[in-house]
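My structure is below; once you've seen it, I'll send some questions.
Chain lettering (A, B, C and D) follows the sequence in which the chains are written, and residue indices restart at 1 in each chain.
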Amino acid sequence: MNFREYLVKRMALFIVVIIGVVTVTFLLSHVIPADPVGAILGENAPPELVKKTERLLGLHLPLHQQYIRYVKGVVYWDFGIALRTQNPVSKDLRAYFPATLELVTLAMLIAITCGIGLGILSAVKRNKMSDNISRVFSLVGISMPAFWLGLLLILILYYHLGIIPAGGRLSPRISPPLTVTGLYTVDSLIAGEFRTFWDALYHLLGPALVLGWIQTAYICRVTRSSMLEVFNEEYIRTARVKGLREKIVIFRHALKNAAIPVITMVGISFGYLLEGSVLTETVFGYPGLGRYAVNSFLSLDLNAVVGSITLIAICFALSNLIVDLLYRFLDPRIKY
Amino acid sequence: MGEIVRLEHIKKHFPWKKRRYVKAIDGVSLLINKRDIFALAGESGSGKTTLGRVMLRLIDPTSGAIFYEGADITNIKTEKEIELRRKMQIVFQDPYSSLHPRKKIKAIIGSGLKTHHLVKSEKELVEKVEEFLNLVGMGKEHLYRYPHELSGGQRQRVAIARALILNPGFVVLDEPTSSLDVSVQAEVLNLLERLRENLNLTYLFITHDLSLARLFTEKIAVMYLGKMTEYGETEDIFKNPMHPYTKALVSVTPKLDPKERTKKIILKGEIPSPIDPPLGCGFHTRCIEKVGRICERESPQSKEMEEGHFVACHLY
Amino acid sequence: MIPEALVEINDLVINFYTYRGVVKAINGVNLEIKKGEFFGLVGETGCGKSVTGSAILNLVPNPGRIEKGEIIFKGKDILSMDEDDVRERIRGKEITMIMQHPIAALNPVLKNGDQITEALSRKMSEGAAKKRAIELLKEVNIPEPEKIANQYPHQLSGGMAQRVMIAMMLATEPSLLIADEPTTALDVSIQAQVLSLLQDLIKRHKASVLLITHDLSIVAETCDRVGVMYAGDIVEVGEVDQIINNPRHPYTVGLMRAIPSDSRKELVGIRGSVPDLVNPPPGCRFHPRCDYTRDICKERKPKTMQMESNHTAACFLCEGGRSG
Amino acid sequence: MVDLRTTISSWKGRHSSEISDAKEIVHATKKSPLTIVGLSLVVALVLVAILAPYISPHDPIAMHLENRLASPSMSHLLGTDELGRDILSRIVHGTRVALLIMIIVLAIDLPLGVFLGIVAGYFGGWVDEIIMRMADIFMAFPRLILAMAIGAALGPSLVNTMIAIAITMWPAYARLARGETLSIKERTFIEAEKALGTSKARIILSSILPLCSSTTIVRATLDMGNVIRIAAGMSFLGLGAQPPTPEWGLMVATGRSFLINQWWVPTFPGFAILLAVFGFNLLGDGIRDISDPHLRRGE
């Protein structure tokens, strides 16, 4: 099998997974709930309203037709109207998704730099003081409930120190930049509005710190154990026998091999970040996809729920796909 | 002294990516008589290990037939197959991986007794296992030990006891000493020799070490790339190796005693891959006595050169 | 003419600090490797032969620690040298090493050629280094060296990979090559190729070789002198002919009786098994398995006795000879 | 008396391997202070959970509106919440909820995941294909999101939280068990069993399962903290436990509005979550290291 054949096979798997995801989402939204309309409107709603809502959601149709209608909706990226916001769900997603993407990207950047750096340090100084400190730091990180850490940061950094804002994406006085990508930091730079850029970054700081720390912890752990494993390999011994400098042994010989599991972890991290963003956005009142999803869940806004989890799952599946391809690219040993 | 195992035109081709095959065994016939110690010698990729597995029906051949005591066992299933397991046993190369790491010696040796309902009670099982532990030179103090607590030699003894407790007639020894130190190897080989005398066993001794084969066995088949190149009485073959491959192999086997050394015939190149092996004689890519184009085109037939000494080479 | 010593190991003691206790792996080893010779170090699993080899590069694997002793190389003690000095001057320059599993010893994500050029002097230009790497690959009889240089290690067979290792380790013209079981993982016909290649190259490069192996027959065929190790001790050292024809230590004798050969109709093993070096037997470490044990063997470690010129053995049976 | 002694010594003889293994484990644990901290934390948690009614100073549910939002004092060590309930008592009782969720989720998922994984790995073919594609699909959702969706579909409650988390976790164990089975299947001792004529069912039960389950159990100890954290997260979002259950995540959620002026209300329950998860993670790490002979023996 060459790379192209692998690509075809992997894409097929991707499609199977997406179909599965869509089906599971359908089951969760249309089949399992006993009385979705009753849940939305309350038990004593007038029958006409119930009928109207049922029609709106297509719940009056037989199940298989509901499914077809639903799949069509996903294909055309039309999830109907969100009851809570009264906007088309796809419009809401377009508005909220970039905010989350921006947050997750920043957190990921923090996590990759700090996590890999700390992990290497930890592995090289194994069982020394700096290793122990970084291990405890990352263990606390993976044990940390994101929502609680967010609250602590608000209490200390916002209320007591005033370093971060209370919430939102921008200060009230500043208007959003012209939408190009939807990412405020990028759009403001494109528009040349540096004040907006700094303000957007300032608002990202709190949630990005929360997500960044937790992700740093995961990546640090994987990097450390992967490096330690590689250090035991025979080829590291060969590198030492050759009299190479320690820096070359670590970065050229060890890190390149250790990177493979780390990249997998970064891919999985993306999922953790998405779920972390649900909690963090809620705590910080950051108007992203996560908070949108939670509010839709709580108000049982069926269309919005379906739209947001479908989008999140597709993002996650996509990141797994990219990791798998990258993995093959990095490791010459893999024969397709 | 009748036959015990007979193979006819055995082929084993493992599927490998898109209609290509690993031709592990490519048409081998041989006959093992009762109470023989029969050596199957060759380097990696020769198919010797696969052939051992095929004889025991641990791997099913792609084509060909296997006979045990004259009966065709190529396709037997279920109860008959289980019955066969009692008669044919195997000792593996690496006693570190052939013993389950979480089971005690008693359970490892006793497993076969339970499967074949050969004991009625736990007490009987323990007695029987103890008897066989003694037979292989160990004691009841090892009954409740785990494999990792034993030395390599002891583990291989346990593996031997596990194979012999079912009272088989035929045992495949798959490089039984190649992962042991020489001083331990000698003891294990001596034990195997003694057990054969006492229990009337027939051995198939798979090895890459020709000096061991010469010392331990009575008949030998040399394999190269899934085919048998030379076959006969062990002494005949060592005194007068005829196939160019056998000659080279005998000459390069390291010898302690300078008087036994002959001029080394160092073969060029690598052993070809058994995926798409060379056409004609598999050895022609490295052979220094190549006759001509025929070697690249036709696969040589096995010819009887002396009594009981068969060679497959276009030289003859 | 007696060639001068290249490496002199004096009273080397190495312990491994494991969860089970302290493994006394190397128990005061003395050894001398001469210029231009092929020296064989033989012993069974766990006797300490590989550890001794890595000690010469001051690369004893964790959790081992060199407790005492010196390794004099060209007049300087490697063990008391600065770590940076050892790395800059000794490893990969004066002393190199090839290993048992050549494919595992090559970095899987770097191309073969790059791994060789990396071993070359840093002063060399990139182009010159590449050219030299190809030359080296040619020297170890690799067909299509350009192609192999551009491939990754997993694309090589074991024999090819060992050739690449040899090319890499001879790149800097070292004066000592440590070969740790270089052919154990290879087929017999490939083993013969690699050993004869190694013999040729060593002659051409005028280097010494320390061949570490469990196989006395290989040593008998390839080496000039041989040292026999048992449980962390060097029990006998001599020229190959002396050891093969006239072994003096009971362990060497036992080892030879266990090796199959045409003149032997029956193999004799050595009873018992290798001792646990957390609690090694007192006195001579071989005494629990020896057929000639006397009371003194259980109490004192035997001194190394000079038997004849260049032949020494550490056994009380040999006390007839001069104490060395 | 003599009989007893011989029974004991014969038991010791038959189990000397286990005794020395146990000694080795104790020895390795002693050398790892972090594992000891983790173990102590977990033991403390379990004790607190068992003894909750006896050691908690007040009723965790009873409201005392006259004493709402009291700051920490001698009578209320960690203060009281917006309904005048003693926060310490609620945290103590919350231990029970957290451990209960964790135990039930793992008790469902471990056997289920191991079973499916072994079946997929051992039999291969379409059985493998179906099980693993199912696992892929469930793993395509981030855990908390899927659990939230399931929780929302079933309606928020403690039982549904457990079901939701359980549904998200089995694929990880199934994948692990499948991978283990694939590698164990190729090992020689399995071939030896086949050569002895042992049946497939017995090979799976007596040879594959013990090796497979030990790796999966080690992995599960690393997940224990995760379960607690996800459950708390769901309750925090209002999709898990419902008031007045003394659940830590829920306590943080309701205490959130008092963050600035009565910081102790949301802070202490959150700290309890951190401490519990941290304890399990430390212990899990320790168990992983100790169960890995390579790590254990290599100093």
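FYI, a contact is a pair of C-beta atoms (placed from the backbone, for glycine too) under 8 Å apart; a residue touches a chain by one contact, two chains touch by 3 or more.
From a predicted model like this one, the values you see are computed outputs, not experimental measurements.
Asker: Touching chain A and chain B alike: which chains?
Answerer: Joint contacts, listed by label: C, D.
Asker: Report which interface contains more C-beta contacts, comparing B-D against C-D.
Answerer: Output for the comparison: B-D.
Asker: Give the label of the chain whose average Cα location is farthest from that of chain B.
Answerer: A
Asker: Taking every chain's C-alpha mean, which one sits closest to the mean of all protein C-alpha atoms?
Answerer: Central by C-alpha mean position: chain D.
Asker: Using mean CA coordinates as chain centres, what's the gap between chain B and chain D in Å?
Answerer: Each chain reduced to its C-alpha mean, chain B and chain D end up 49 Å apart.
Asker: Between chain A and chain C, what distance separates the C-alpha centroids? Give it in angstrom.
Answerer: Centre-to-centre distance between chain A and chain C: 54 Å.
Asker: So how far apart, in whole Å, are chain A and chain D when each is placed at the average of its C-alpha atoms?
Answerer: 24
Asker: Mind listing each pair of touching chains for me?
Answerer: Those chain pairs which touch are A-C, A-D, B-C, B-D, C-D.
Asker: How about chain B: which of its residues touch chain D in the complex?
Answerer: 56, 58, 81-82, 84-86, 88-90, 92-94, 97-104, 111-112, 115-116, 143-146, 149, 159, 162-163, 166
Asker: Can you check the complex and tell me which residues of chain A touch chain C?
Answerer: Residues in contact with chain C: 233-235, 237-245, 248, 252-253, 256-257, 330-333.
Asker: Over in the complex, which chain C residues touch chain B? Could you list them?
Answerer: By the definition above, chain C touches chain B via 44-45, 157, 159-160, 187-193, 196, 214-218, 220-221, 241, 244, 254-271, 273-274.
Asker: Could you list, by residue number, the parts of chain D that touch chain A in their complex?
Answerer: Listed in rising order, the residues of chain D that touch chain A are 34, 133-134, 136-138, 140-146, 148-155, 225, 229, 232-233, 236-239, 249, 252-253, 256, 259-260, 263, 266-267, 270-271, 273-274, 277-278, 281-282, 285, 298.
Asker: Can you check the complex and tell me which residues of chain C touch chain A?
Answerer: Contacts found on chain C: 57, 59, 61, 87-88, 90-93, 96-97, 99, 101, 104-110, 118-119, 152, 154, 165, 168-169.
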